[in-house]
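Here subunit A shows up in two complexes: once beside subunit B, once beside subunit C.
== the complex of A and B ==
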């Protein structure tokens, strides 16, 4: 019983269950069933969203917010579609990741040293980046290197996006256990305790913002391969979708906990919704309503369980205080 | 801060007076600088265009400002604008409702959105921007559903006359009167009403508000209702301005409203800020945009400008500007206490 409750309470497991249900519906109603290329197409679309959402997840674990993902994605996509054609592909990708890292670093510096609300700073970054993307490429167009496309979207034995997703999971499991990974959770849980134990909070926050920026740029690279052209407004959908993926993935928005694995399931769920609703015969506009309601429900479930946990902790703290008072009383009596 | 409150000061020296004056003076200066880019710039036509656009920003900034005062952010505003404009336009042109009925229906719908937003955010302590973002998506979906397979429905003539700037009273466009009306109404609600004061208290010190027996849940929900209602009204105005109810009607007005609140000096979640400065900031921002448009810069420049303005405003209005010195001030005080 306890096991069932704990499993259902685990955000990643909940997200995986939702995904399984949607996948089953999709598979049931898809004419001719699901084949390799359909699945690969779905995974190719999910990969950029999952990557970007993992970046936002990291920031949320530190009890901050980041709205700039959509901007970084748009800018990297437009740059890749229009510039550096003659340069080595790997070098371009590295350059994009450096750019993303610098943007994340800027966010972090503003938030940490300016002591500014992250939500306002990253909102400003978001529209600045969208503006830059729009200046670089006013109408959708440009082209993406075929090498990159086949590298990201190819499917030899196993779909390439699946390989990359598994790689991301492995990296996450390693990162969680590094010093930065542990401190990242600690900052979100109890910043004051971490500060008192002599850890530099600003360094951790800035590092996490930077890492998130790199992930957004990587998402931009993946997205470029997926849509095979440039579009300055492509990022817009990602503002809502990243947070949707995180909410469904079970990461609490109060910080201190969360999982990239849950977020990946969340991202897969978000991209499977339109496909599932389409084969069932539900129109585009209902999809938006469906997604919106699902996000609210997911956040609601997370918030309610967080509130319950808090009252439970408070009750326990109250008990402990009582015991302590009792002990002190006894001591006083002894003297 | 407490010294400011206790000592009686000349009202002309309070930031609530100086800031708006400085902001409007800046706007006038920008307008004259605009002459460098465009020959016909400091003109009555330009001023009318600026005030008309400021009206829309001001209406939205009022609601957004109340939300930001208590530490939230309302990203459902474009969705509310779209749904409100769609209801009015569809109601009058397709369902043949009287205009007044359509307007009331749109405002009621906005209130419902605000109630849902506010309830979810206040009751379950969920970050406001996530709920409002999701709500925006839902509303856009509803908007597409309502106008399904139709052209964007046209605005009723009355609304066009009132808000496009064509209709005039004593030779002055209606929007200018509405602009002053919004300024006065906003001042009375935010600065003078009991609800306004409760919102300030909730923003500056939620704990105090709770202990002193304020109905904090109700106040917080009401703040989101006010924001949604303001966006609903803004949607009707923008419908009149643009002539038909496109679903993207509100998209480009979210950022100016947020920027106006921040430039006006409201600090998110601090209970610090003055409506009159936000109101003046709408004029400054609109002036900058009108001048930029006159220079013929590419579309993206506007976005970049809003972003930079927001960042600069954030840095200038930072509540604790002595951050270098005050690293561990709060915990130390707690220890001493």
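== the complex of A and C ==
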């Protein structure tokens, strides 16, 4: 348990517990129980949300905001549904990721060198991208490569989306230990101290926005496979759901801490809530209330836990101070 | 061999002068002290050399190369390395990660814990730090441990120029530091040693530069070290200001309005007791960061008090928020430190800035009356020497002096009888200062109990009935207004009276 806490963070453990409870309720009341295909359907639905939310998590850890995820998702979805039908699938995917990266890079450049508030820049990006998506595909339609669909949604032995999620977790654990990963947390904790240490802040911020853009595009690819067509307005739901997933996942919105693992659990929770409530017979409209209350509770518990953590660290610092004072006294007496 | 040449460096923040045509040179292999009062320009000089701040004019040569300003990396590349007073450590990273932050070792792009910890451990051992675990988070370290890590981060680069900005502020034992400072000096490093503690400077420094008002006003060397002379040069012969005299002497029977007993705030204020009587102005003197800010903010309800009792007008004060402080007994009002940040609403008019705490009094049945508001603001503004023409202007456009008069007018409107004035004349012009003095005097004559902090000792001498000197979060000395002199106050503020007891044991 301690190992999980250390690698995944307290917030992740809490999010996992919430998820387990909801899953248990869902399994208990689902007529005929949960089978592989029901689970797979749920995971397919969760994958794009989880991926996009990880992107937003990175930005939030650096103490910034990014609203553009929904826009990138919509744009990549309609492009995949309408264009490049003749091209190699992998190439198309790489192209989408490059597109997402460029959008993130633009966000980062405006925020860092334009010194503009991220919330305004990325809101503008969101609106522009959604507009572009609507121009490309005014009514839902188009088609998605069957190869992609089976690649993302298949479930031969293990559900494919689960494999992808595990892969994302592994990448996250590695990324956390890269320089960029360490600086990402540091810049969110104390930008000035990091700057005084001689680390270039603009590079970090721009790199993180870019990385987030790539993840949004990846989410768009996954979403395309999940809905198997194009829909310029499908991204809209993601604007708020990403933040809900992050909150439940235990990442603090003040930056400096957070975990993609918690965010994945948060995303899975967000998508399991309607299913769980449906099987216990709670109407569609109450679901939002339930989700809202859950978010408040998660944030509240997260804040309390962060406070306790701070107190613990301060107490340890205090103990150290007392030991030192004691040592000095002893030495002073000896001389 | 000259290693540092500073030529004609100037830096202004608005109308405030931080550096004024400063020039100095330093040599290889020397420990060079920089001393001066608060605001003398030491910190700005450090920030310019470290690449944090760009000066408005002037140039810096380091070992014959011109320094490109405003980029910490450029400074580091030329061999400048700084242990900052405010510490540049990231709390939630480990000690090891902090030590190596600027050049983390990677394998295939990944920073392995083992490699970082091994390398950091070796560095700490090299610099004689054996009692700090490299795996622990910095947030769990004591202040002095953090300070040592900060210093090691600077030492380990074996820099051409090592800047230590108040390195012993939180370091009770100087032997460790001095051992390694000497080691670097003997290898040719120029160590810039900034400290208020003259005993330390005498022990470790070869030469020194005295700064005042952003410029160099004197130098000294180890052979010609003279405490008294250094202190008097630091203070300088300030332009004598006409302080408004007390019209009626403070009566012995004046009641105590503010009484604090053993007040502790965080780690900065370590048990302060004081009393201020009606009509009395009590001055707080002290070097920056001795807890005076925390004391004022806590008494004003803006920072939580850890322990201790505060009474106002004989009743326990409720200092939970500034609002409850204002409503406690005869009322406590705080004029905060940073006018621009904490004191004014820059984009509102002077009128609204003045009336903001008393809006309910300038309203008819809860609807604001512009006429009443103007009348109230004009009266308060007038009492505080704020020219009428400025009332309708946005406060952000006014000079520092008129901004401060606006803040004082607001404070007087609250009717609070306890006034906590935190450096009310910082960065304002001399004539505005005089007007602030007469306002302070006038409200005291009307019975207000004033606690005044000022970085300028002459101000305290001219205005205060008593002066308390803070050092290390405690009041270490108390002077009656008549017996205090600049030299005495300064000597207490640099901890000389205290240092004799504790610091002298090091030698």
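FYI, the second predicted complex is superposed on the first by the 293 of 335 C-alpha atoms of A that agree within 3 Å, B and C clash if a C-alpha of one lies under 4 Å from a C-alpha of the other, contacts with A are read in each partner's own complex, and residues count from 1 in each chain.
Rule of thumb we're sticking to: a contact is a pair of C-beta atoms (placed from the backbone, for glycine too) under 8 Å apart; a residue touches a chain by one contact, two chains touch by 3 or more.
All of these numbers come straight from a predicted model, not from anything done at the bench.
Peer 1: For A:139 in the superposed arrangement: first (subunit B), second (subunit C), both or neither?
Peer 2: A:139 sits against neither subunit B nor subunit C.
Peer 1: Considering only the touch criterion stated at the top, classify A:117 as touching first (subunit B), second (subunit C), both, or neither.
Peer 2: A:117 contacts subunit B only, not subunit C.
Peer 1: With both complexes overlaid on chain A, does A:321 touch subunit B (first), subunit C (second), both or neither?
Peer 2: second
Peer 1: Looking at the overlay, does A:313 come into contact with subunit B only (first), subunit C only (second), both, or neither?
Peer 2: A:313 contacts subunit C only, not subunit B.
Peer 1: Have a look and say if subunit B or subunit C is in touch with more residues of subunit A.
Peer 2: B
Peer 1: First (subunit B), second (subunit C), both or neither: which does A:193 touch?
Peer 2: second
Peer 1: Both subunit B and subunit C contact which residues of subunit A?
Peer 2: Of subunit A, residues 192, 195 contact subunit B in one complex and subunit C in the other.
Peer 1: Subunit A touches which residues of subunit B in the complex?
Peer 2: Listed in rising order, the residues of subunit B that touch subunit A are 73, 120, 124-127, 129-131, 133-138, 140-145, 148, 255, 258, 262, 268-269, 298-308, 310-311, 314-315, 318, 320, 323, 328, 331.
Peer 1: Can you list the subunit A residues touching subunit B in their complex?
Peer 2: On the subunit A side, the touching residues are 65, 67, 110, 113-117, 119-121, 123-128, 130-136, 138, 192, 195, 232, 239-240, 243-244, 247, 253, 283-293, 295-296, 299-300, 303-304, 307.
Peer 1: In their shared complex, at which residues does subunit A touch subunit C?
Peer 2: 174, 177-179, 181-182, 185-186, 189-190, 192-200, 256-257, 310, 313-314, 316-318, 320-321, 324, 328, 332, 335
Peer 1: Quick check: in the complex, which residue numbers of subunit C touch subunit A?
Peer 2: Residues 50, 52, 72-73, 76, 82, 84, 87-93, 97-98, 101-102, 104, 106, 109-113, 137, 139-145, 153, 172-173, 502, 505 of subunit C touch subunit A in their complex.
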